[in-house]
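Labels for the chains are A, B and C, by order of writing; each one numbers its residues from 1.
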Amino acid sequence: MEVVATPPRTPLWRNVRFRRVLGQVLFMVLVLFLVREVSFNLQFNTAARRQGLGFGFLDSQAGFAISDTPIEYSSTNPVSRAFQVGFWNTIRVAGLGIVLTTILGLLLGIARLSPNWLVRKLSQGYVDLIRNTPVAVQVVFWWSAIFLALPRIQESVSIFDVAYVSNRSTVLPWFRLEEGGGIWMLSLAAGLLGAALLWRWRSHVNERTGEPHHRVLWSTSALLAVAALGFFVSGTPMEADVPDLLGRNYLGGVRLSSEFAALLIALVIYTAAFIAEIVRGSIQAISRGQHEAAEALGLRRGQQLRFVILPQALRIAIPAINSQYLNLMKNSSLGVLIGFYELTRVSKSIITGRGNNLQVLLMTMGVYLAISLTISLFMNLINRAVTTRGVR
Amino acid sequence: MKRPASEEGYELTLGEPEGPAAQVAPEAVPATPGEWVRKNLFSSFWSGMLTVVTALLAAWILAKAIGFVFVDADWSVLKANLRVYMVGRFPLEEMWRVWTDVYVIALLAGLSRGVQPAMPWTLRRVVRWALILGVAVAVLLYLVESSRVLIMLAAAVALMVAGAAIGRRLGRVLRKPLIFAWILAFPFVVILLRGFGGVKPENWGGFLLNVIVAVVAIFVSFPIGLLLALGRRSTLPVVRTFSVGFIEFIRGVPLVTLLIFGVFAFELLLPPGLRLPNIVLAMIMFVVFSSAYVAEIVRGGLQGVPEGQYEASRALGLRYPRMMRSIVLPQALRNTIPSMISHFISLFKDTSLLVGVGLFSDLLSNAGRATRDLAFVGLEAEALLPAAFMFWAVAYAMARWSQRVEKRVGVGER
Amino acid sequence: MTMAQEGNGPMILAEDVEKWFGKFQALKGVTTSVRRGEVVVIVGPSGSGKSTFIRTINRLERHDKGRIVVDGIELTDDLRNIERVRSEIGMVFQSFNLFPHLTVGDNITLAPRNVRHWPKGKAQEKADQLLQRVGIPEQADKYPAQLSGGQQQRVAIARALAMEPKIMLFDEPTSALDPEMIKEVLEVMLELARSDMTLVVITHEIGFAKEVADRVLFFDEGTIVEEGPPAEFFSNPKHERSKRFLDQILV
């Protein structure tokens, strides 16, 4: 049988595998070259401006004050402490913002789907208005046109005498934990445990006998009962903390600076418009065939939603909502526009009059990146939990 | 066909919810107004209550808004700063450049509109346009004091209408040339401002600056984003790692911090002696920011191209560049059009973040500073609302246009 | 003395070809040869490696061990060899894989113009000829989406033929078609088989195999279990596995 003898060695430049390796090597060379160039520039430039490339500045005095801070801080604290203030302020506004905007967004999304024409149209108007206006504009607007325009503390606007707003701050009623609070917390923990156990027990009953489990009912009533019992047994340890206006100051309650309130409200309102559309879009994306199949099976409206529509809608919605949470967190950087000392504002203060811009800003961006990754990780877990039940 | 989720979800569109969500209002065959009201507003007791409550709320808000706009507000801050809002400190004697750009865009816009099939003039449409035009004319007459400016504006509108008429006449023949014209228009617009002894970017301001920054950013970031997307899909691990790393870093960081970095730290990385004006540094950051998002959009589009297309191309012996150019990218990029438009709208809105650096004179910065003048203290709302409106109007118009494009592209003969 | 003379050796030669996907071995030593002008039909259960095998012939998959020689050209990592091999082979896919954004005519002329650098006129003439040959003349300006499945597959065949290959590979060409359109595609393939084209066809269409195949290869679990002329194989399979397979598909 006539067959080909061993072919000659492929010249390297025609060998597909070699070319792949070569491609990577060339790319690496390019990157390394760029890195070398940049580091030369960096060294030269920082020397010329008599700046350093170290992180020693973190221990130097910050030299600026921050009035709205969740941790102890004064202008004599080191820069690293100022950074922490910025970080916690970012977490504060982003965390609260995410919770509030989810609630508002859900409500709006449901309104977008309402059979009532007026509700539908008005919520659509809200979405169309808010989504298309830049968030920076909205933040500046809420702060300078609304909060700053409020009267001074002495003439605070009172809301049913339990809350006050002025141009510097907003005070809301809160609660205070007194003696016996610890005992109550323990009883709450026990209640949660009991509720969880009840949940499992009712689920088992349902699996075995087919009896409707009513587990939500059982668990929540048990939790509430235990909570109430514990509350009284430990001597009603929760007191309402209603603020009072005394001349030029407030007594009691929880105090939010105008900057914080303006940023929070603007972010919540802005992001809710996007979440509303995600909610609406994901429910509408479920094809008619699914509705029909569920109905044909005899499932009631609520059951259709619970077992067929919502699980599928969630699968579509969660990645998009994750995106919005990240946006809200990143938009918290707009505190820099209105003097709210979140991370970006703090970093700006740090670089003014100091010479370590590069380090400061890279650190700042690094922190944001870390927070982004954390939120995404968390949302991914939720996504996994929601979607691995059943097919993709 | 799965579309990549845009950052802001614009493809979950405006307008009437379509689709079969059973909760949406029943299909229309409303006989009489009375029936319609009963079905849509008062279908049940609770629905009725809801209608009443929201109607009252809406009426109250509307009354407050109208009261503010027409009675309480002092619009002098706007009247005095109109030019600053629109073009910042752009020198008066060079304004002809801006006007020329406006005319070119107006003409192209008119032509593009004319080439599209005409939409029927329903009563609703006539009323809507009459209202918009009426209000626009009234507002302009109130605000603009120079009759010269009014005439130039009228000329722009006339040019647009003429363009539409020409477009309608010439029809589909213009489609391809128009695409090229638009692509060339953007560099042209920018060059006209700067070139031939023009105005330096430091002196561009106001709304003009926002538009230019957005346009430059989207333009320059597109090829970079495309390369990044291809890099991300590359089978060469080094290339892919680098692309992914870059994209994820940019996406995890707020744009404001990138801008601050660009203006206050980026120069340290550049060759010594290369001094770039702040606005150019900011534009570079916008380009960097935008390319990461463009990369993700293109990646989604590439994922939408079936594997079989690659296989058929390779089986036919097509090489990589030819395969990408003729087969993969045309399909991939068509998939991305709605998301790209959505991204452009976001980018345009994000140009307002220039205010965060504090050194620029874009529309929002100028609006914010307008009340520093002693004459206009306390007029923050009057200063900000027009700026907000201008951003909103452009974004809203583009979003609606995007809806139309989506319909057209989705239903092609292809 | 490194290349076999054309016209002498087998058209396709596979020796001990092995292929892994990760830990899974898809091809466990496949050896066969296809003569010039021969029509070989490959049958076998899904997952048996038949698709993987023909895709290694035109390098859509890279074989990990063994040798593949096409018309005297050995298939190695040499870019030039790969391109030369591909230019001699045309492939038709189960899901057609037509380019949806190009007209039928452009689908067919794209490769000749860009790989063989034919002038436009020549390519278009060829396209018209081929469309005539596969039985759908006058469709050059339509888009794939406007054609039926059977027509699309015939366009795909014309597209592959436009490169004037010596070998045509078919990967289950009719499996994605509605029953009433299978015949028109098989007829085109029949005409090709009767010309002196070398064909390797993966199919479940036994009638087609019986009519035109010179040889049937039965693939199972990564190897050729049995082969022979169709008449023998279908009526008198020798292996246990062949018998079982035929029981399943022949009702």
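Heads up, the rule we're going with is that a contact is a pair of C-beta atoms (placed from the backbone, for glycine too) under 8 Å apart; a residue touches a chain by one contact, two chains touch by 3 or more.
Being a predicted model, the structure only gives us computed values, none of them experimental.
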item	value
Category of the chain touch graph - line, ring, star, complete, other	complete
Most central chain, Cα average position	B
Centre-to-centre distance between subunit C and subunit A (centres being mean Cα positions), rounded to whole Å	55
Inter-chain centre distance, subunit A versus subunit B - centres from mean C-alpha coordinates, in Å	26
Distance from the mean Cα position of subunit C to that of subunit B, given in whole angstrom	50
Interface residues, subunit C side, partner subunit A - complex	1-5, 8-9, 13, 69, 72, 74, 76-82
Complex contacts: residues of subunit A adjacent to subunit C	1-8, 10-11, 14-19
Contact set on subunit C toward subunit B in their complex	58-60, 83, 86-87, 89-91, 93, 95-102, 110-111, 114-115, 143, 145-146, 156, 159-160, 163
Contact footprint of subunit B on subunit A as seen in their complex	20, 23-24, 27-28, 31, 37-38, 41-42, 44-46, 48, 112-120, 122, 124, 127-129, 131-138, 140-141, 144-145, 148-149, 274, 277-278, 280-281, 283-288, 291, 319-320, 323-324, 326-327, 330-334, 336-337, 344, 347-348, 351, 357-358, 361-362, 364-365, 368-369, 372-373
In the complex, subunit B residues that touch subunit A	5, 7-10, 12, 14, 17-26, 40-41, 43, 47, 50-51, 54-55, 58, 235-239, 242, 249, 251-258, 260-261, 264-265, 267-272, 345, 349-350, 352-353, 355-356, 364, 368, 371, 378, 380-381, 384-385, 387-388, 391-392, 395-396, 399
